[in-house]
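What follows is a single structure, written as structure tokens, with notes after it.
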Amino acid sequence: MDVEELKGLDIEDIAEKIETMEIRGAAKIARAGVKAVLKVVEEFEDDDEEALLVELKKCRDRLINTRPTAVSLENGLKYMMKGIDDAENTEEMKKRVKNNYSQFIELSLKAKEDIAEYGGKRINEGDVVLTHCNSSIALGAIKYAWEEGKNIEVIATESRPKKQGYITAKELSQEDIPVTLIVDSAVRHKMKQVDQVYVGADTIASNGAVINKIGTSQVALCAHECRVPFTVCAESYKFSRETAFGDLVQIEERDPSEIVDPKDFCDVKISNPAFDATPADYVDCIITEKGIISPEGAYRIIEERI
Amino acid sequence: MDVEELKGLDIEDIAEKIETMEIRGAAKIARAGVKAVLKVVEEFEDDDEEALLVELKKCRDRLINTRPTAVSLENGLKYMMKGIDDAENTEEMKKRVKNNYSQFIELSLKAKEDIAEYGGKRINEGDVVLTHCNSSIALGAIKYAWEEGKNIEVIATESRPKKQGYITAKELSQEDIPVTLIVDSAVRHKMKQVDQVYVGADTIASNGAVINKIGTSQVALCAHECRVPFTVCAESYKFSRETAFGDLVQIEERDPSEIVDPKDFCDVKISNPAFDATPADYVDCIITEKGIISPEGAYRIIEERI
Amino acid sequence: MDVEELKGLDIEDIAEKIETMEIRGAAKIARAGVKAVLKVVEEFEDDDEEALLVELKKCRDRLINTRPTAVSLENGLKYMMKGIDDAENTEEMKKRVKNNYSQFIELSLKAKEDIAEYGGKRINEGDVVLTHCNSSIALGAIKYAWEEGKNIEVIATESRPKKQGYITAKELSQEDIPVTLIVDSAVRHKMKQVDQVYVGADTIASNGAVINKIGTSQVALCAHECRVPFTVCAESYKFSRETAFGDLVQIEERDPSEIVDPKDFCDVKISNPAFDATPADYVDCIITEKGIISPEGAYRIIEERI
Amino acid sequence: MDVEELKGLDIEDIAEKIETMEIRGAAKIARAGVKAVLKVVEEFEDDDEEALLVELKKCRDRLINTRPTAVSLENGLKYMMKGIDDAENTEEMKKRVKNNYSQFIELSLKAKEDIAEYGGKRINEGDVVLTHCNSSIALGAIKYAWEEGKNIEVIATESRPKKQGYITAKELSQEDIPVTLIVDSAVRHKMKQVDQVYVGADTIASNGAVINKIGTSQVALCAHECRVPFTVCAESYKFSRETAFGDLVQIEERDPSEIVDPKDFCDVKISNPAFDATPADYVDCIITEKGIISPEGAYRIIEERI
Amino acid sequence: MDVEELKGLDIEDIAEKIETMEIRGAAKIARAGVKAVLKVVEEFEDDDEEALLVELKKCRDRLINTRPTAVSLENGLKYMMKGIDDAENTEEMKKRVKNNYSQFIELSLKAKEDIAEYGGKRINEGDVVLTHCNSSIALGAIKYAWEEGKNIEVIATESRPKKQGYITAKELSQEDIPVTLIVDSAVRHKMKQVDQVYVGADTIASNGAVINKIGTSQVALCAHECRVPFTVCAESYKFSRETAFGDLVQIEERDPSEIVDPKDFCDVKISNPAFDATPADYVDCIITEKGIISPEGAYRIIEERI
Amino acid sequence: MDVEELKGLDIEDIAEKIETMEIRGAAKIARAGVKAVLKVVEEFEDDDEEALLVELKKCRDRLINTRPTAVSLENGLKYMMKGIDDAENTEEMKKRVKNNYSQFIELSLKAKEDIAEYGGKRINEGDVVLTHCNSSIALGAIKYAWEEGKNIEVIATESRPKKQGYITAKELSQEDIPVTLIVDSAVRHKMKQVDQVYVGADTIASNGAVINKIGTSQVALCAHECRVPFTVCAESYKFSRETAFGDLVQIEERDPSEIVDPKDFCDVKISNPAFDATPADYVDCIITEKGIISPEGAYRIIEERI
């Protein structure tokens, strides 16, 4: 569910859809988040700057708590707030927010397109590409390669507990790209047939660690063991400035009921971490819209925003 | 479902229950298999040795195809056939089969008990033990440690697609052992908290490779990366003599419908390998009833049967 | 012994205290060094620019040879010399040196504070942190975490031959931080209980190699083997510009008598290297006052000074 | 064969000498390439800007296809084209090309000299340095160390199929540097005696991968296994801007007859890849004229040209 | 050149052909060696036991020095001497030697056949198998797989300096097995396409180290890095009993002229080690006629002869 | 302090000398232990078998608790008890104990001699051998090599806290073997100069883990990282049968006062583990008197005693 489908929803609706993962994917939740902020100014009718600022911050704070791990949302919300503190009146404030919105959406979509191109060019004729979860940006690269006429195949992991791999499998098969679905446990067994791994990212830390869907780090480990390049596709706004100054990325622990009905498992603790961290050592490169870098160069991307 | 619950079932019933994994676990299917062979002699009423032999072999061949990866079943069936070729009459033949049956069951249960003890002693007070799938022999060791008063905790993986981890979690919680259920993808993320990994095995190859439930090899890889000892519990009849002479263990590819309903995924290939191979490098030791060995010593266990 | 305790000492005193390690720690010797240079201008009474310059350089050269491995001292001394060549008279020269002194001390102390904060935030509730030798900057991070109310524990290595670990242990226990002292050989044995390693640095080379107290590189190797993050705390003035242009860091070989009385060991050679080099591969991140970087990004920090 | 030996040759001569590897080495072919472009302007006598531009591009395109893997050539040719599009007349255009030529040659030779110095300083008294193929820039560093009076030894690999190792061995022995020639297969066996490996590069990718003569990556792997530092000497114009935007370095497959006479091997396929890619993980540092960096910092060098 | 082609040759002829590698391959030189001993008894006409014994030992000693690395020859010669010390007369002595000869040849050929079968069964349909040098026993396994109808491909390394890879390539192409010839340096570059590596061995040490043609250990390292199983085919008489009691395998240094004409390279040292040692860590299994073992189980094979 | 120096001591004296490490080294404490048992029978004057048995067991139990990690002592004591249960009278019992004593001492000394020879042969001319702690059996091998005329050098670690490295250094320098003493932290820094590591062992577990002086495992890790073979010298009676049946080797925690005076460190916990476990992965081979094996073959040595 991307930004064009959010019509008619109010801010709380959007926040909830992000929380329940109806709106999913680090780029999409960033775009939905900025859309929600836009709604604040669109719906605000008073002429009280203070009040608008309060509303904007309320909206931002509500959203920021929906998915603590995704820095893209936080960076998107920050982008929306650019220049509003010194706006002289509500009109000016609204104009700036709208402007910020247009720019962020454009930047976000352009980045996605560029990364698809850079990533797609790196996939070779005949490659078997494994992907984990459902990253629109990683799939963008895969589709780019396919559209360039390369004869490729994809292996998609199921991605328990939310099974986003089903969406991946269907999405690719709709484009006629040959795709095989496997359980998450079969990754190492299949890795010998794999030429490349492509995944997305929720957050990139300043030391190059990649925070992404739970399981990503063991896919990366299996790829590394087998000399299979592991590529991360991530727009520059997924790099976390805060990690450069000591903040640790908080790994979201989601509801047990996403795995099983806890009532059927009394006395069993159920742990459902939504993300894990892949160390830079296992990442061949990160494809950003600013170019392809080593993960160890992450600080360089962040530095530009410091 | 173990051997005492097979009353009233005929051979084909047993074979099917093994195929559908109603009877699961390498030791249990071996015991069920030998029980089926026992039924042949119990139900055979003629006095025709040739005919009995034919029946026995038919039964053996039917069973052997149910789960091609489990060498325990094959070894159990071989055990049942000991001495029948030179039996002088059906009485003698029946007696030998019954004898073989009693011996194999006793040996199998005694081995299970010994391994539980040896393995349980190696679990320390306060250990967090991760286990994959539902191995009665590995759980035997965990329970032994618990019963010795050690304050331990278990992390159980879900074990898609058949989710045997649910059985593990329930089985342990019934004994009041603290247990946490996780999805298979969360293994690497949790590994930092784990002190030991205990799993079972379906087959041990002569070079020490351990064939076990899909996902085992990536659990082992994650443990190895994190300096966590990875222990395999396996009776000596799970060691495959045939692998010493070039036979490769055949990895069973099970029905896609165990993962999803294929009708919902037309044009998506679904691959469902039931096992994978863990290289000896990632295995700290194999606990057998004959003692605890390095996986590289597997040939020594097999050699005794050559 | 930090800069405020140097009153009454002359330059040679300071140089000797650095040589004998009475003044220890890369940051402290840098601050002591710049203090010594300050003394030159404070005590210089003539009005002869040439003579003052000669004095300043003599002082610098005397100091630079005290501990060849510590680039912090060299960088501090360079900082003191900024702008003196084109000062128009001794007054101006003295003013600039005094100015440089104030700035360097402020920068040095502010960097220490910032790194303590960034590093402290990365230590989690309940962490066991291992540290080697006695780095005020690494201990700063540990104390920050403790002061934030995090319930942590420290393992301190003895750090033969000079046993700075005793100072570390006492310093932490005075703050009520639970601390365990071990011999250097016990690092790998204890590593399974460790969540993080924090150390300081004497010099960072342009390829990310970390030169620090002898033994650091094997602590790092043990951490790496065990998936324990290894964090280096280092102000940016510990990064060596010279290494970017081919200079190798010279590892100081200190007096055998720091280990044993050589007279008791005639015919035995005693080797006492004071530092070793930890390769970037084993370092999770370097915390600088400019942000947290991958060691492979060291050139970026140096580049700003080129 | 370097640029001063190209007198009397026309553009096609130069292109052919590059193709046949009579002119070899990434730096030399870049210099030969720019010389060829210079010849275009030197020989062009008309006063038609359009025509000159066509000639220049024809020359560039002819050259660029001679060795697709060497980005140095491409970068050199780009350098030659700087400012010609907006030149107001042929005179101006010629002047700019000549200017570009002088600058590129100077920059190239100065870079070579600087790298020799930085690299030479990093070789220690008594070191045994292994080198693969025949890189003038890596040999420059070795000779620098030797000329500084360091007592070193070199091991040179044969470097099949073109056996450039013979040239290396002779070139070094002419300078009286002790050198041992080995077959390419003996690298791992000899690595225990080696202190450092020095090689050149044809292209550096934005993620730090080093593309160099076939076999380089297995030399690097053997060095890494043995904790021997692996150093790459490469001018900044060997870093490929294109790889930062998705282009993959094309590995040149050269003629089978370089290995054997194919007529003697009917029904045998002969594969002759001229280069391979060494991952950043196995590279200790890259020595450029701008300073010594980690390979993971390659993007930083490229970024300056973006 | 195998045993049936040695007619008409005297002992010195055979020794020389082994030295010059006209007779090559650890198994073939063992068979040639025992044939030479047989010739001693066939040609001996006196009735003097002492004299015969002297002749036999002279022959043995001459042969044993031809290729010091190959334990197969030594073990073959030992086999020939079995029982001769207590033979009562020359007749008896001759009979025993002849008997030993027949047995050794039979045992040697049967082992080769068995290993071909065990090894061939482990090659899968569609596999790309890389082999180094020219091992009749490893090629036996490859041919077995091909003859079983498996659609396989082979990559053969050139194997400098003696280029036995040319023989391998021709031998396989004569059987219509698709084969690609590469230089030794291209192994790592090609490894991503390889499914298995099969090589022979000259000697197996008691700790599982495999001594084989120079370059084998770096092929093994490249395979290990890429998770490609590395299989060694070796008859049990290639396991060295002496290594279990401290003897080190002596790596033969062969004549420089095998690489280049030394006259063309004055002042260049040429080193030509003929073998290297592959550590057990990189070897998946050793296929012997007694079964397939882990290299770490080598002592078990040797123990039977102690 | 070896067995010949125990004259005049009673059992409690011997036990205390073992506890305080006046008698040190796994072989020596085994010999001292059996000597103590011998004293029981020598001093026993009654004719009461029961009473003698009680005395013998009391003595055994007293001794066994002195150093829980050393299986050699336990195995020696077991050896002393052979056949005493069914001795018909005290005379017979005494005779058997005396017999056992002579045999054990002979076996122990012969094993030491054999291992020195096998180990010494594996040290090459010119080798630099690093050793940790003070193992008479490892030093035996080093001295053997020296006595054979090999020009070798030794690096001896200090081995805190008891500094047995000082004894090693003096012992070797008395034999004129060039020896360099280093602190334990300098191992990785020196490893690049080391050709081999030789150590002893207190206990070998059935999976090949080597329990030896604290620090051994990090020496092994450093050697492994640097491709330096790590050799363990251990008599077969140091292999622990009990570990094959689940017993874990208990790591002795010795008195803090061996490190510092605890009174000077109130509120500091001091941990003083005396041993650590080196995994089989880092051990090249174990030299026993029965031959040289892979550590993974440890069960084979134990099996003979089961």
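Quick notes on this structure:
Letters are used for the chains, namely A, B, C, D, E and F, taken in the order the chains are written, and counting of residues starts over at 1 for each.
FYI, a residue touches a chain if its C-beta (ideal position, glycine included) is under 8 Å from a C-beta of that chain, and two chains touch if they have at least 3 such contacts.
For clarity, every value in this text was computed on a predicted model and none was experimentally measured.
Fewest steps needed to get from chain B to chain E, stepping only to touching chains, is 1.
Each step here moves to a touching chain, and the least such steps from chain B to chain C number 1. Chain pairs B-F and A-E differ in how many C-beta pairs are in contact, and the one with more is B-F. Interface of chain D with chain F: the two copies contact each other largely through the same residue positions, with over half of all numbers used appearing on both sides.
Taking each chain's centre as the average of its CA atoms, chain B and chain D sit 58 Å apart.
Between chain E and chain F, the centres computed from C-alpha atoms are 40 Å apart. Counting only residues that touch two or more partner chains, chain F has 225, 281, 294-297, 300. Touching pairs of chains, sorted by label, consist of A-B, A-C, A-D, A-E, B-C, B-E, B-F, C-D, C-F, D-E, D-F, E-F. Every residue of chain E that touches chain A in the complex is listed here, in rising order: 191-192, 195, 225-227.
Taken together, the chain E residues at the contact with chain F in this complex read 206-208, 243-248, 279-281, 294-300, 302-303, 306.
The touching residues of chain F, when paired with chain E in their complex, are 117-122, 124, 281, 284-285, 287, 291-297, 300.
Contacts from chain B toward chain A in the complex involve residues 157-161, 166, 169-170, 173, 176, 178-190, 213-215, 217-218, 221-222, 225, 251, 259-260, 265-273, 276-277.
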